[in-house]
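Labels for the chains are A, B, C and D, by order of writing; each one numbers its residues from 1.
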């Protein structure tokens, strides 16, 4: 039995740098925002370690989530005329938009890579488990929370609603492009949201684009392309991500070897021990906590953990180089030997990062709901890459970028090791 | 012996949302930025708890400091023709601009109020003590670090340089108005920086404004006025500040009473024990650490500390009300009694906040270097409030704002206490 | 009998630099826009001769009118709940907003000063006369056109609708502040429209402001104040306005004296002859036409008309000076004599411009509908100047600015007249 | 003998919506701006008839020219270190940047198509002929004016300077993209100028891009691509251009047939008679004059000229349709017959517009100075299309767009002609 909590007596308004104002009219949404699980997103940055490259990028998943909700709200207004849209569908979509990232942990990208944590799983647990979020959702009637979860994990039968939240043209991407651009201070991501929303149409099971909106979509895809190369995949950010992983790996290795930490890393124990983590434990593990340990670890006796942590906290990142492929292996081997000679474990200090293709979500036109469909004037639907040479060329462009990361500050300042020193100077300094 | 570290071979460029780009040309500046003491400013927000009101306001003192440096750099370009300006003065000013806030601790405003900590003192210690910052400055020659410190604490004999960094028209305020406005997402603070710099003139011992720039300055002062009322003094932010103070006071009280914390608050001990704090201890105390303890304290046995901490972390702030003066005391007393009756210590839960005048730095036209001086076409200098009725009216406007803060969630949801309940409902709900 | 033309099958969208997009949903509005009388507004600049000072200010009354319509449309959405609002009221207001300036002629301000033309009269004639506009309005039913006219001339009994279009907080001012700021390229006028609309409330017979919106209104009034001093009353613009008037006066004088123009100024004849002007004649007299004559007049034999016209077309404006009051009269007299000596008629070349008070519409808090009323939390209404010291100070500030305009290029380049020359050099060059 | 006029005692500053401020330091530039030939550019819109599609696009070649000058000025600052750059080169380039469009006539694009007028020729004549511009330039020394002209017509031996003003990355395009975007109110053209200038390098005979700037250039090219499709080639603008040409053709035809105009079109006579036009005659022919005639021609007896003129002035444009190629010829023929039947000469009312490829200047990578060259890290130069798949795809994309324009208002409102009427309704109304 669905029973809406109804509308607030007066709307609540958030000042937002991206959308200017975010409007909340529904009790449901207002109460979800005030749950502790949602407030926790204030302690998880939207772009992980990117703030070490773009200092403005301190924005959190808290406001991104509000922004996704706001765009969904505007899109629903735009799609008013959609025949079978009812109040329940509306509130389901708004709740799902707000909560789609609620399970994210600290530095999700790097964290999930090192440990076996998946934010999607935790999003579902938060929505369905013993949480304030679940309590609020449950007041909407039996099954409501489950439906919100199924919209987020894409199994809900209403394909249109699923599509609005998860597709090439979803409200999630729209918000993060605009938000990341605003906070990083770059202009590449600033597409025309108002026009974008106007060229979209609900078409049975998915959102399509009216034919005359093709150039608008091309522009949007180009902005994404630019954001990837200029912001998301910036080499300095990849360097800080590698460092973060190295710290976590070292800490786990130490723990497994029985090392005695000054301060027991109790928040990490279930992870280090690969035990089942409780919801309560997971919710405590935010970026404040991780950062706190990194600061503590700077004083650990283990010089590797201490150095890596200090590098992260004080931003002394590894530098990088693209070696020509011809002598890449040879150089790597020599660097490895040098490092071992001077006592730097290459496992933590000589890192590789291969981008052999664009990230999955830049654009991919396969799978039933994966493409972007134009509704041609004659009624036909066409995937945009069939019509737009620009989009096609982005689909076809496979750029690889293989970088080697190493502690330049150490290598360039060797006191002894005359042989290595001269080789290093000539090899790493050629720019 | 001053010996400049010289220019970088290529300039370093930071992407900045406010100034678009921040340019670093001097070795000195580049090395100062890379010290751990300066990097620490990344962990101290520019606006303290304001992000709980304006979610975008996550920006840190790190980029504010870069921004102040950048405006100083532009102003020096503008003042090129200034007769006695030399390279050393230039580097002194740039370093001072960059470092003026380096001694700030976590949530400075509230912290300094509760404990006897003054960020100005720590700024000086960091510049003159055993730090990376001092090491970099010392390489510029004997006395350089001391001069930087004296510019910041306003005792340097070159009054013009002191004035550029500390006055009604200083580069500090210019950056924070623009930056706070950008990140909070409000438009009130966005004055025209380029024009502002153009109407300024170096005039012996201070920065003055050419007569035709009067309206530009009026606009700037109005923006400040708006930022104060709309952002800095927002009642919700004052509420979160009061909560923060209450937590710190409760923790200290507990410590003094011999309470056994689950986790020894080692970072706070020198403060709690009112001992001399070492530089090393101070530098470890950033907002990450404070926030970490607040999260830990949510699980403390002491229900007051636990509740206050939980309110802060999960953003369940005290609500507020302006009682008419006539029945203010009576209402306060009744609220106090009610709280004691239901077991809420009013010391922590019934808080007052009196803004009986505008904050000191909104604008004050007294003291030799305090005013804003117009250079009239006839050569005379006049304080702007003599010429501008608008500025005068701001000087004269004394607005008081007395608010009472209390836990509305508790008071409105009393289960028993029928008497108190009805009184509360009628008194607190009348809006 | 009111009979709405109904909604367009799809909305029409204008790209607008100020509001991003302007949406037209009503047949009525779409058809009014396409009348020739409305299209004529494309040939009348919003800011008259200001483009000679701010080169970006080429925008026309055509888009200002669209913008006023758009804000009215948004305000109506905001006021949805207004009890007695019906479709007819809505269309009346939208039509009035669109047409409120339709009677403006070329360079209205200067033109109306020289000739006895009043744009308000012509607006009414266009709405009620034999025009395409009247035809479209008449299709809405008997009396509709008359009501639109009466909203514009403020005699309509629905005071709220009148107030929305004509008051201190009217949609007209809101658009022009934003638009003039955008096109002139200044930031002073850019207030937060979205917030402004949100703090307004319909209250029986007028628009009021909820108490918490006071600072928003203060900000808005300050922007107006800045726009007046920085843009609307810019001395260079006042100079070009004086020149324009001088040309028109000279042309009329010549006509009256029987001067034979190379090209008969047929468009001006009814004005020169002070005859009744037909609607058709008036509608032909746009800025293209006036500008065309000015270009023709550069080749007239009358050297005064030719010179004045050439100055306007080639932007060789009169320069200006504020003489100290003490010797103002003496200097003026001497300048007058000098001019007559060298053969420059002072009537056209020595011009005065006295701004002895702020223009009427900067802010004036008298008369029933003249002020800005706050709706206090306790229900009371208060004029904002009772509550805001800032607004009060603007009300009280009477700044006078008396300037003398003269052809500096001639006076400073005298070949003979040694006496006058040295006096002029010493008197006019002292800056 | 070059002799600089030197620097102004104080700089002159123009408020500009695009660059915020435009700074003039050189006497030369200030005096060029104040010539009547340069001021005349105020009466020629930058985007011709585009204001009929994007109402904000009222901006003129006057401020575009100032903007091109300003970017050139900034670029020179950026290129300071360029070895052989001297003051004379600097002033040559600045003057050429300012004057590059000075020969443009009214609605250049359409005008030049109908008559045998080429703005490049007139630019040269203005610079070298008996003009105020020539007088100012000549004061710089013998040969200066000729060199300015040769920079503009690309024959000057200093290839770098030529390249800065005329190439794929020239300062002309940079300004117009930003300016057209600002005034039209679209965001597509807003690339990051500051960054763009920073990735450019002077390299002997041309401007090249440092390798790391590739994505910046891709972004810039995409913005151009978007501006072409969304603004410059907008079908409504093409319709108003076709109408303009039709009017001019009809007027010429009438003149040649001896038709007696109400008002002799004296400004057009040299063109109509295909005689040599004097500089004085050319300079009088601006858009004010053309517009004036169009307004006069609305009252001509010739119904074709009157109707076409009225359509233009009152914006009753021809509508358009893309017929499928299969039945295109057939439909055209039928339309032609219909028009002749009802007395509409198809020569003026049935117009075709074939865009069979992108306009020449969208991007073309051929010819020595035609491409955009990256300076690779290894020193090599590569044309960007060799490196960027995106640019390549734009080069390869040939989109054709064939539209038919016709007076829908007439065709859809036929009173009689039952046959034609039903065919028309079914054929033109199928959307």
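To be clear about the criterion, a contact is a pair of C-beta atoms (placed from the backbone, for glycine too) under 8 Å apart; a residue touches a chain by one contact, two chains touch by 3 or more.
None of these values were measured; they are calculated from a predicted model.
Separation of chain B from chain D in touch steps, taking the shortest path, is 1. The chain with its Cα centroid farthest from the Cα centroid of chain D is B. For chain pairs A-C and C-D, the one joined by more C-beta pairs in contact is C-D. One simple way to say how far apart two chains are is to compare their mean CA positions; for chain B and chain C this gives 44 Å.
Centre-to-centre separation between chain C and chain D, using Cα means, comes to 31 Å. The centroid of the Cα atoms in chain A and the matching centroid in chain C are 51 Å apart.
Residue positions 20, 186, 192 of chain A are each in touch with at least two other chains.
Every residue of chain D that touches chain C in the complex is listed here, in rising order: 14-18, 20, 34, 36, 39-40, 42-43, 51, 54-56, 58-60, 62-63, 66, 182-186, 284, 286, 288-289, 291-292, 295, 310, 313-316.
Residue ranges on chain A touching chain D, taken from their complex, read 186-188, 190-192, 215, 218-219, 222, 225-226, 229-230, 377, 389-390, 392-394, 396-397, 431. Partner chain A is touched in their complex by these residues of chain C: 13, 20-21, 192, 194-195, 198.
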